[in-house]
Amino acid sequence: MSGEESTASGAVAGTAAGPLAGVAAQPGVPKPDAILVADGVTRSFGGLRAVDVAHLEVQRGAITALIGPNGAGKTTLFNLLTGFDRPDSGEWSFDGRSLAGRRAHQVARSGMVRTFQLTKALSRMTVLDNMRLGAMGQAGESFWRGLIPPLWAGQEKENTARAMDLLRRFKLDAKCHEYAGSLSGGQRKLLEMARALMAQPTMVMLDEPMAGVNPALTQSLLGHVKELREEGMTVLFVEHDMDMVHDISDWVVVMGQGRVIAEGTPDSVMADPEVIDAYLGKHHDDVATDSSEGDS
Amino acid sequence: MDFLQILSSALQQALGPTMLAYAICAIGLNIHFGYAGLLNFGQAGFAAVAAYGLAISVAYLGLSFWLSLLIGLAGAVVLALLLGVPTLRLRADYLAIVTIAAAEIIRRLGRSTTFSDYTGGSDGTRPIGSFNDSFVALNPFPQGWSLDLGIIRFTRADAWVMLVGWALVAFCLLVMFLAMRSPWGRVLKGIREDEEAVRSLGKNVFSYKMQALVLGGLFGALGGFVFALARDNVQPDTFSTELTFYCYVMLILGGAARLFGPLLGAMLFWFLYNFLVGTLNDLAGLQVLPTWLLTTTKSGPLVYVLMGLGMVLLLIYRPQGILGDKRELSLDVR
Amino acid sequence: MSRDESVPDKGLSQADLEDDTAGVEVVDRSAHVAGSQGALLVADELFAGYSTDVDILHGADLYAAEGELVGIIGPNGAGKSTLLKSLFGMVRVRRGRVTLAGEEITNFKAHALVPRGVGFVPQTNNVFAQLTIEENLEMGTFLRPKRFAERFGFVTELFPTLADRRKQRAGSLSGGERQMVAMARALMMEPSVLLLDEPSAGLSPMMQDEVFAQTKRINSAGVTVVMVEQNARRCLQICDRGYVLDQGRNAYSASGTDLVNDPKVIELYLGTLARVR
Amino acid sequence: MRRFAVSLCALVGALFALLSLGATAAWAEGEQGFKGVLENKDAGDEPVPGVTLRVFDAEDNEVVTAESADDGSWEALVPEAGDYRVELDASTLPDGLVVRTGRTSTDLLRVDEGQVRNALFPLGTSVTTPGGDAPEGEETAEESTTPEEECVVDEETGEEICGGGSGWLGQWGNVIYNGLHFGLIIGLAAVGLSLIFGTMGLTNFAHGELVTFGGAATYIINVSVGLPVLVAIPAAVLLGGLFGWAQDRYFWGWLRKRGTGLVTMMIISIGVALALRYLINFIMGPNTERYTDYVRQASIDLGLFQATPKKLIVDAVAITAVVIVGLVLMYTRVGKAIRAVADNPSLAAASGINVDRVIRWVWMAGAALAALAGASLALDRGVKFDMGMQLLLLIFAAVVLGGLGTAFGAIVGALIIGVFTQVSTVWMEPQLKYVGALVVLIVVLLFRPQGILGRRERIG
Amino acid sequence: ACGGGGDETSGGDTPEGDGTLTVGTILPQTGTLAFLGPPEFAGVDLAVKEINEAGGVLGKDVVVSHKDSGDTSTDIASQSADALISEGADVVIGAASSSVSFNFMAKLNDAQIIQISPANTSPDFTTDPDAEYYYRTAPSDIIQGRVLADTIIEDGYSSVAILALQDSYGTGLADEVEKNIVGAGGEVVLKEVYDPQAAEFSAEVAAAKASGADALVLITFEEFTTLAPQLAEGGMSPEDVPWYMVDGNLSNYGDQLPEGLLDGVKGTKPGVESGEDFQEALLSVDPELNDFTYGPESYDATIIAALAAEAAGSDHPNAIKAELVGVTKEGEKCEDFASCKALLDEGKDIDYDGRSGPIEWTEEGDIAVGSIGVYQYDATNEFSLLGFETGSLD
């Protein structure tokens, strides 16, 4: 059983890594088809340089993991790229268009949608309404058209169907009419991610989407993320769960103290002594070995 | 003690023009606070600007009634923009204090002697002239007619104001109904809960908040018109913060974020108030209670004491308001 | 039927219980009854919830003997956090009882439990955002300020970043850094019973190792630990006993290693991902 | 100008007896017209005899003429009621004397039957204009009669006193001092409001009534019980604290336990405010009442400004109170507990803090501070049932201006609000003084949206 | 203005009322003028008591219904007006404050209900188009302003500062005083309109001080209690600069203010001395009264309305209206309800002379010749009469 799994996921990783196959594993390396390109993005808080990214590219249609020790600046980088914070300096472009100085909602509209590490459930709205809110380009979201239901009812129906579909995958369908404020910590994470997917973004940026999510569910969701990639979505996600990173990512970027310190395929990065030293820690392998021992 | 009399005058106020003016203002607040989570404590300011806009345009500038109505509405829109542009990016509490301050500034400027040539000063616009002639002229009810509803009666003039007032209430509620169950309303509710989250989904939060502020402000303006037309006078002190406070009370009593909440709250509020006034004044007249407790001159304060207590008790035992949903309150949204 | 033996005095509620559990497999509580004899922390058949009409916990059991490390795993929304909160007096227990060292503490307020040696790290909102890191840690020794210096030394040894940033406000920290503060605050207290709600969430692998290792170490020093984890496999590996909670009830309970290897548990709760490597 | 007023004082006392006698005597039946007394104001009110006065009717026909007698008095009676004016013939004035107002004729005045009205031609050596500004009219060159110097020589010590309420410096000194004083009082109330908001998240619209409570309690202890104000104020502050404690013990705490939402509580507080305010009205009536002591104290001159001793003592007490609150918050365990509860109540409970007790403490302290504010304010303005409510907006403004939930911010905000209400009167009419303060509030928030001492939150 | 009243009442077609004269009051129970409420209510109650003791109006007892007027910051007054309209009141007594009266006057006017204010003195009512059903027993401030100014001029003060509260009464009276001071050769060096709701008045005090005036006119309501000591503390006590007070604040302060503070201060107040007996009678209605300001005017307003109803033989407002002005002038003089009624029963034309003065109404419903009392305070802060001054409107 484990063998099958292992090869299956390996195969998936292999195919997707196709375009990235020849790319050198070094920080700031250019990608064959970069959708997001950032240059010289910096942000300081007081004396602390939280983000200092000289150059970073994210491959279109691939799943890229962003890892790094706590406080490395991953979330701050997300905030900067998506317009939730202003950098001290820097330029970046998404899908060929510069995004520097754009406001958060404009960034989202251009197709780059993010989730939050500390979840933001819309408490006094139902789970389903949370989801529906995620859909982009709704006619009824303009005041005047909103007043005339026939103009948006059809679209609403489609969105609801899609929302229910996603909720089912995220095991939240039973809760769809509950207020989102009554969800448990993990369920909020799930909702956060599902809502972002409602927007059908070109690129989704997930900030630790699976922290606190039950492993069994995580696994099935990873399958869904892979499907999304097959449909052409680009995924950039922050994660501390190395098993997960290893399982689905095509490319891994490592940050440390605000900088990109390493890049490469999952295997190459996790073998990088610098990364092990700064991030993974020496115990990591032991525990992993422990676990496989336990299984066999 | 004449209970029928007390009941009828309480009912009269629960249906009459003042209630309508408050209800319309409160419906506006429902958009702001109930749906969009904007803590607007300056609804009185919107009503005041519109009422002054109307009164000054007609009585001082001599413009036509209809044009002046538009000017009043435009005044409310401009106020919303002025307040919104700087504050809608801030935390909700700041909007509260800025709006309360703005409303007070408007009221104090209105009553100051400095501008009394235009505003008429503290007695209202009466000195600069009447402005509701065109409105009165439109009164469809025949001279000498009065609206007789069994135990309550309204004069012809009041009936006309009420016809318009109830039509406006219906109109506002219809707009609310349509707007709030549309995706537009959903975005507003989302903003109420967490604007960053909504922003991350590609909605222009600022623009939505502004739309909500303007729409609610326009409703406030309509309320202001009802106030002004019912009295043919714009008295600055009727637009004090008390007006806004009472609107909040009505909103919460009826149930925030419920379509009929503010209307029901306003009716209940004025009914209770006038019921208490009638009962206490009658009791005072009968001299059945000891004089340390109740005399004619003490019944005024006592009405408010009881009114305050009544509000408190209602809210304690029905915190979600009459129409509200209890489930919402169990969520901690601090 | 087994219920009758364990709670003979609760005949009155029998009917409700059966209503509740109609159609669902009847859990055998005898193991719990046996194990909980003399245990330090015992929760018997807890019913608890947030809004007045809905129970989230439907008769959850739990015990932890002195010096034991107990893990709780389960799907999202199972009621794990609710269970911890109801042990700690933050969610009202409607039925059932909680005892600590033989003393009934059902529905005791949190602040009354802290002096009894119970420490708690919540899952969310677990730092004082407006206070500095140092002040956050001071809150850990609120009841025994004299111990601050010593404990501070100990805790910052575990999480050196905290010492470097002692004047930074916790609200501006990264997610992982906050988690460290939260954990550190609880460790400041020197509790005899420690309730941890997903202490490793958001931490880098290295820090996770640290947290698990330290939890084990603290536990070895005699502290009873009850920990909820989604990092289930890691958790079960270090714990003495584990519970699987589902829909507010105990679904499984066994020693940690037994659970890790139980195919049913793996399929439903642990997933197979972690075995890939 | 001041010296003039002072020298006038002496005269006034003497004049009163005379004039009040004259007043009753003047209302004789059957004759009507005008009367007056001509005096040289610049020569100790020396009477000016022999000046001719003419009375004209509405059509400008001369009706009667009169001449001032040796004591300066004159009377010109007209045959029937109507509108008339009196004109003084300037050519008949002794050399060097002019009408100080520059006006030698009155307006048309209504004279009713049997009414002898007064007309006034204040005489002097020069024309003066209000407020000691540059004189206008023909005699612009001449010096004004009122001294304009900013420094006055103290007659006894021979020292020069500058400022002290006169002149430019003094005006600013006084304005700013009054602002700071007012700000401190607002600040006392604002700290409490801010603490309560911080710890339990309640926007307490009934805070103004806690202020009133302080004043009313002092008044009742002082007047009804008969204790001196010096005893009554501490007692009232104590009672205020007790009242706050009881409010939380029996009301707000109970609501918290029932799980009442914060918005609902906010609206409940509006109801509480209404009930309390009118309860106080019910008990002590609708009027402004004054304590028995310290109602009228002589101001002392402190160089840059003048102040009554009671104000200075209030300042000292307020500053002490605020500093103590600050020290308690910063350095004591209670203070830390308060800040912890303000930040995250459930986590505070998990740290062993009795959250309810802390909130009760805060209520007690907040209410005591508010009572102190009320009692101090009433020293100055008297006690009235709505005095607190009238302050509430300014208190809120102070809290927000300083940064919500930061106790120090509330003080800073209060001082700014206080100073601006006063300073704005330099340019604006006093009736608009709150407008000035509120405009400042809005402007400050535009540039520092999180308030002066507030901090921005991080996102994500 | 009231147009002649000739349209419906001459002859037999007097409008029919319901037979009972219903008197409503809209007087301050709360708000900034609440301190004037008690004497006013007592005045109305006393009048009603005397009327009913004398057999009532048209053979039936007069019914009274008291309502609160609040102040301008609340909308109570117009609610009260609505309530009274629906209760079928024929006459409404009120309000105290001119500003408040303006707020509901039009309402009563539309409903054709008589309004008689016992205390409104703002000159604006005389000319207001909505004042057709509006009457008052207090004289316009045109007269008080004239008398006050005269008193000041007579005392020899040429440069005067005025502090006036911001409302129609305050600014209206201030204008009248200014007009007359300037007219008589004096100067008004400062006319400061202040916000009566301010928490403290240091800026106003400073402005008064800086003006260098040699007399100070204080047109205030009860915030006088706040303002007066602050003025004294700011170097503007009556010893520094003599004060002049008006009806809004002329009250027996007793030990409410420090002894001697008001010693020698003068003030004016409309109305004649109502006499010990009358004051006793008021006290018997409300033993807690401590002064009687506008009590007589309220009493008179009620009596006049009752007499007019008697004279018209109907309690319908329009019938009363036709007689109102008539009963106050040109006829046989009488001074209380019983004797006036007796005269009416004999079919005579009466001229009611009230407790507040002789009361002759102009066609606008204004007091034609008003008596203004000039009073002076002694060291115990109680005022006593110096004399009366009358003035007429035209």
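Per-chain numbering from 1; labels A, B, C, D and E assigned in written order.
We take it that a residue touches a chain if its C-beta (ideal position, glycine included) is under 8 Å from a C-beta of that chain, and two chains touch if they have at least 3 such contacts.
Just so it is clear, the model here is predicted, and its values are computed rather than measured.
Fewest steps needed to get from chain B to chain D, stepping only to touching chains, is 1. Shared contact partners of chain A and chain D, listed by label, are B, C. When you average the Cα atoms of each chain and compare centres, the chain farthest from chain A turns out to be E. Ranking C-D and A-B by contacting C-beta pairs places A-B first. With centres computed from CA atoms alone, B is the chain lying nearest the middle of all the protein shown.
Note: centroid distance chain A to chain C, computed from Cα atoms, is 29 Å. As a whole-number value, the distance joining the C-alpha centres of chain A and chain E reads 77 Å. Spacing of chain B relative to chain E, judged by their CA centroids, is 33 angstrom. Inter-chain spacing, taken between the CA centroids of chain B and chain C, is 51 Å.
For chain D, residues that reach two or more other chains under the stated contact definition are 278, 281, 286, 429, 431-432, 434, 459. Among the residues of chain E, those in touch with two or more other chains are 28, 30, 34, 37, 166, 193, 195. Residue positions of chain B touching 2 or more other chains: 108, 112-113, 196, 298, 301, 303-304, 327, 330, 333. Interface residues of chain D, counted against chain E in their complex, comprise 1-2, 4-6, 8-9, 12-13, 15-16, 19-20, 22-24, 26-27, 36-37, 39, 41, 86, 99-101, 103, 106-110, 112, 114-115, 117-122, 130-132, 146, 165, 171, 174-175, 178, 182, 278, 281, 285-290, 292, 295-299, 306, 308, 377, 380-382, 384, 387, 390-391, 394, 422, 425, 429-434. Every residue of chain B that touches chain D in the complex is listed here, in rising order: 86-87, 89-91, 93-94, 96-98, 100-102, 104-105, 108-109, 112-114, 196, 241, 245, 248-249, 252, 256, 298, 301-312, 315-316, 319-320, 329-330, 333-334.
Across the complex, chain C meets chain A through its residues 50-51, 73-82, 123-124, 161, 172-177, 179-180, 198, 201-210, 213, 230-234, 237, 257, 260-261, 267-277. In the complex of the two chains, the chain D residues touching chain C come out as 333, 336-337, 339-340, 342-344, 346-355, 455, 457-458. By the touch criterion stated above, chain C contacts chain D in their complex at residues 88, 90, 109-111, 114-115, 119-120, 122, 125-131, 135, 138-140, 142-143, 145, 169, 171-172, 185, 189.
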